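Next come two complexes built around subunit A: one with subunit B, the other with subunit C.
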Partner chain A sequence: MTTAPAARRTPSAVGYRIGLTVVLALLALAPLVLPPFWQRFVTEILIWGLLAMSSDILIGYTGMVSFGHSAFFGLGMYGAAAALLTVKPPDLWLAGLYGLVGAGVVAAFVAYFATRLRDIYFAISTLVFSQIFYVIIFTWTEVTGGENGLTFSQPRLSLLGLGSDRFTPVTLHWFVLAVVTLSYLLIRRILQSPFGKVLESIRENEARTRAIGYHIERYKIVAVMLSGLCAGLAGVLYAIQNKFAAPDFVFFTVSGEVVIFNVMGGMGTLVGPFAGAAFFLLLREGLSRFLTEYYLIPLGMIFVAIVIFLPQGLLGFLRRRLNQ
Partner chain B sequence: MTGRWQDESWARSMWWSGKTTRRKFLALSSTAASALGTAMLVPAPWREAFGQARPYKIGTLQPLSGTAAAGGKTALVGVQMAVERANATGGINGRPVELIVADYESKPDVGRRKAEKLVVEDKIDAHVGGYLSNVCLACMPVYEEHRLVNMVGVCLDTTITTSKCSRYTFRPFDYAPAQAVAVSPYLVGKMGKKWHIAYLDYAWGQSTRDAYIEQIKKNGGDVVGTTGIPLGTADMAPFVSRISGSFDGLFGIFFGANAVSFTSAVFDLGLTKKYRYAGDGAIAESTHLPALGQKIEGFIGINRYVPVLDPPLNTPHHRKFFDQAVAALKKIDPSGPLPDRYVQSNFEATNFLKLGIKKSGFRGREDTMKLIEALEGMEVKEGDDFPQGDKMLRKEDHQAFIREFIFTIQGNKHKIVEVIPREQTIVPPACKFV
Partner chain C sequence: MTAEGPRGAVPRGNGGAAAPAPIVRTEGLTVRFGGLTALNNVSIAVPSGEIRGIIGPNGAGKSTFFNCLTGVLKPTSGRILFNGEDIAGLAPHTISRKAIARSYQITNILPGATVLENVRIAVQSRHHNWSMLRHHRAYADVVDRACAVLADVGLAGKETELAVNLSHGEQRNLEVGIALATEPRLLCLDEPTAGMSVAETHATVELIRRIARDLTILIVEHDMEVVMGLAHTITVLNYGEVLAEGTPAQIQANLRVQEVYLKT
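Here is the complex of A and B:
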């Protein structure tokens, strides 16, 4: 029967699909109706959202708090920069490849050592690794540009044999939206697979998961690498949008912000950290316009209020309201 | 009266009742929003004097929070002083100047976004400011893309006016190669032939080190060793203790808290008794002197600005600037620091912009090329607008050449030892505008 799959769909799955379609449609329309600054801003939110989503694989699904995402993000950015500076003419897909290889190698290195540790020790080891990469990038001026970073030109939008054209703010937004959407769907599929369920099992009870025969370390390594690759992809997109790479993005405070995105939006939901990133960035932008350097005071107060009153984050709160 | 403040009736009605209700949250939020809105409705002070004249919108990006906040706030004082002065003396071409301030949190990504916001949303006519070189470099393409003049206020990185120069960006103050040209004859001729250079091991420190090595050698001296110290190192003693050997002078390239740590370590380990101690003027900014006390005595430095009223800075122009800057700085720091080179260069950068606008008849962003042409090669004389001295903005690379001061510290105060005229600081241009 051709209607069987449709019949199996639950109301919540249908609601999810409708919701996702509406959100994607709104995001696709955004650059056509928003003023130029906000066009760019929404594109940037998508990129930071992808970074937040990547860290949710570890924080929310595997129960491993990582402060090393700045290293993956930064290495993705510097990898893309390497391709855009060395290959003439700058190639979009090569930038993506270099960025993913850069982030992937670093993620494998960090994963190999850090996954032997648990809880706070894992968090600290990822932080230490990110700082090591930061110091290397900051001081190796001849290659990385040191403190000043690297500036480069934007590659053209080329669609594998379908010709190429310069990015406009609108086409760049659509390109980023497409990459982020595909990444989201892929991560979601992976996390819903048996592999994802093992990660959740590790989060809930690592000893029991090991006892029933799973090789915990291997799962953790794959989770860190998957997370690192997605963070690296966000770094590639950021480099393409802003045409520069800087060591500040490798500094651990970026990882700290990513953890804040997760807490604000709701961990273990994928969409939650994305919403957290959007909420945080919009709030910061709005408050800093009126309060310049004093914006951190209300921002901090709002963060504390969310932690106290909405411990499951914005998405958790929304879910609870919808379920009532 | 109740025992706990939370049980008072006013506290219970305002906030505390054991839980926060939505009604109370909304009431407090709307009160805060109303207060903010009311504050925003108060017209800017220059509005009344200029009636309906359309203001020139000048944007300034400064790090008002984050690691560089202290310097950023000082730099902003310089811009604000110049804008207030312009508005108090009839504006520019009869139009007031509206200053739009943006804080970039000492982060390049925020800087880039704020630059976009100033350019696209606030529609500024020109930009003046920028403190951290990495943020200056990240934002330069934004000004270039939207075609408006960017007058750098503090950023020192050499590449801004060399390999990464832009037709839209001007640096109206000195840079490391010019300082090296100015001070090296003094170092080699009057302090010693052999030098050891200690520097902050990152882009600025490395490029400044290279400029000094080149010039010391050119003047017949030699650099026998270098020591790089990572930025932000709290205890520099392990690095400084490795500095030894046969040389005459130790030259330091440091700024901010790193300069204080380095000088303390050099003094504590007895290097100031063994070797002559010289370095970049940023080591001995007036804000560092109370912390360093005796440790900085006898230091020889080079700087574009020193906060003294001795010749040749005993002019009425400089006294006026000095007094106004001290008063303005006291508002942000009650300890009343003396003005430094950041206040001076931002003040003069804004005045360069003012003169360029006047000279070119600039009406708005559509006249950016006219403004650039007016600024290129502009020579200015010492006066109320330029209390530091005469200046020239070179056409080929948009780099200014100005007089430099070689100074020493005596009695915890700056004392000018020698003045190097700007003609003796010239470095050949190394810029090709795209």
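Here is the complex of A and C:
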């Protein structure tokens, strides 16, 4: 048998490339034409989308539902804050490093303990762990600022050897777009790799995957680490955009929203969670203008309608094409 | 269908001249589920290269025996020696890596994956399984081996179909293909022809004969014609105990076996 499908470009692979290029081009141009409020809004959607995508690694690909992503996101945020407050002058890349280390440590902790559990027990243990971190952050006022959180100044955009400059809304958007795009491409490649196919096999049939020789727990630990680091990166970006870190973002309702982004957008597609985040945030923005806090009622009804009529989510129909 | 395989030098477990060292041997294997003793002091030795039939009425403990052998269950007591090493109680993935594989009585596949992926992931468990930065299809060695296994089990041409869409008989063969793809030395088949048509059964018997050239096979089977035709030696379990052991002819002539099992 001579099979070299990797070398072959199928029509749908070409379609994927064209689609991705068009979407990225639109996202890059968006801040040039949008008013400041919407400029910022689109940047924020990208950040929430990155967080939701990180969760999709577990929900959509490995079949593990995490209700603890707020902890990884939060630690990314507070890690970045630590770098920006303690190191003078504030350094963009150091903020990223600290944030990733913070999220990575928490992810290692959660991964080690939670992956011993399955299904709902895994989900609950991630929730419990994230709430533990919430309480620590909320109460350890001397270090974390407690309820008020931490505020800091924005680092300058420095590209190795190219000098540095203050972020403008447009360069910040481009910076976020670049980080998010690279993360997406890297995660997508990892999920297409032999390692990623093991995760999918665990989702399909964990017992059988173990029976053919895979040490399931190790794969799950790496999956949680990967997901946690990616969520931490989103936290770093959020900190840089907003110049603060606050305990509200470590609270479990954030984790719940992340799961909703996945369900709305389409689990197991990586890009679906971005669509889910965009859809949810736009709806909330629109509805809360008229309905103040009652916006949750129509939002909830729309969510239920999606679950019933579009159980695959908004982009679920693209699943097979996106994962080739 | 002849009772004997075509091979001359088949190692036999039933005494005689210098029997080869058994590839797998159990010593006093016992499994209790609460008050129920599913296996009671089972001691069996299977010589390398043999096809061993395991028969017995429903609930006799046949599947439980396989569960112990493959690490799904930890025996209450007793030892399982595989090439001389005690593997009782090891994790399923560890046992798999020692080259023991099984198929399941109730089809146990990756339903939402393609037929090729079901077998490819099993091949991959021995090659590149931690690689993260290249597309899985770039590992042509794994893909080619998976395609070869699919051809072996009669599923060539079905590669891109979803496993869930295969017919029952095809899923049974995929089941065997997944097991084979892990390159086992010992293959445990739990009722591989269950629910198959006559033609499918015949094809599966031929398949088992073919793959038996390179490995040792334990087969649980309810179809007497199949098991009598395939096995060199048959072990009869009844209420978790070994009732009889011998060649198919001996088993068919055994009065106790006839009493509890064969007479219908």
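Convention: the second predicted complex is superposed on the first by the 309 of 324 C-alpha atoms of A that agree within 3 Å, B and C clash if a C-alpha of one lies under 4 Å from a C-alpha of the other, contacts with A are read in each partner's own complex, and residues count from 1 in each chain.
Criterion: contacts are C-beta pairs under 8 Å (C-beta built on N, C-alpha and C of every residue); 3 or more make two chains touch, one makes a residue touch a chain.
Quantities reported herein were computed from a predicted structural model and do not represent experimental measurements.
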After the overlay on subunit A, what do you see for subunit B versus subunit C, clash or fit? fit
Which holds for A:Phe244: it touches subunit B only (first), subunit C only (second), both, or neither? first
First (subunit B), second (subunit C), both or neither: which does A:Asp165 touch? neither
So, does A:Ser193 touch the first partner subunit B, the second partner subunit C, both, or neither? second
Which holds for A:Arg40: it touches subunit B only (first), subunit C only (second), both, or neither? first
Based on the superposed arrangement, let me know which partner A:Asp119 touches: subunit B (first), subunit C (second), both, or neither? neither
Partner chain in contact with A:Thr151 - subunit B first, subunit C second, else both or neither: first
Tell me the contact category for A:Arg208 with respect to subunit B and subunit C: first, second, both or neither. second
Could you tell me how near the closest CA atoms of subunit B and subunit C get once both structures are overlaid on the shared chain, in Å? 28
Okay, in this complex, where on subunit A does subunit B touch? 35-37, 40-41, 44, 135, 138-139, 141, 145-149, 151, 238, 242-244, 246-249, 285, 288, 290, 292-293, 295-296, 309
Subunit C-facing residues of subunit A, complex: 1, 3-6, 189-190, 192-198, 200-201, 204-205, 207-216
Listed in rising order, the residues of subunit B that touch subunit A in the complex are 20, 36, 40, 64-65, 69, 73, 101-103, 105, 107-109, 112-113, 116-117, 120-121, 133-134, 137-138, 141, 157, 159, 164, 201-204, 206, 228, 230-231
Please name which positions on subunit C make contact with subunit A in the complex. 70, 72, 91-93, 96-97, 101-102, 108-113, 117, 120-122, 124-126, 128-140, 142-144, 147-148, 151, 178-179, 181-182
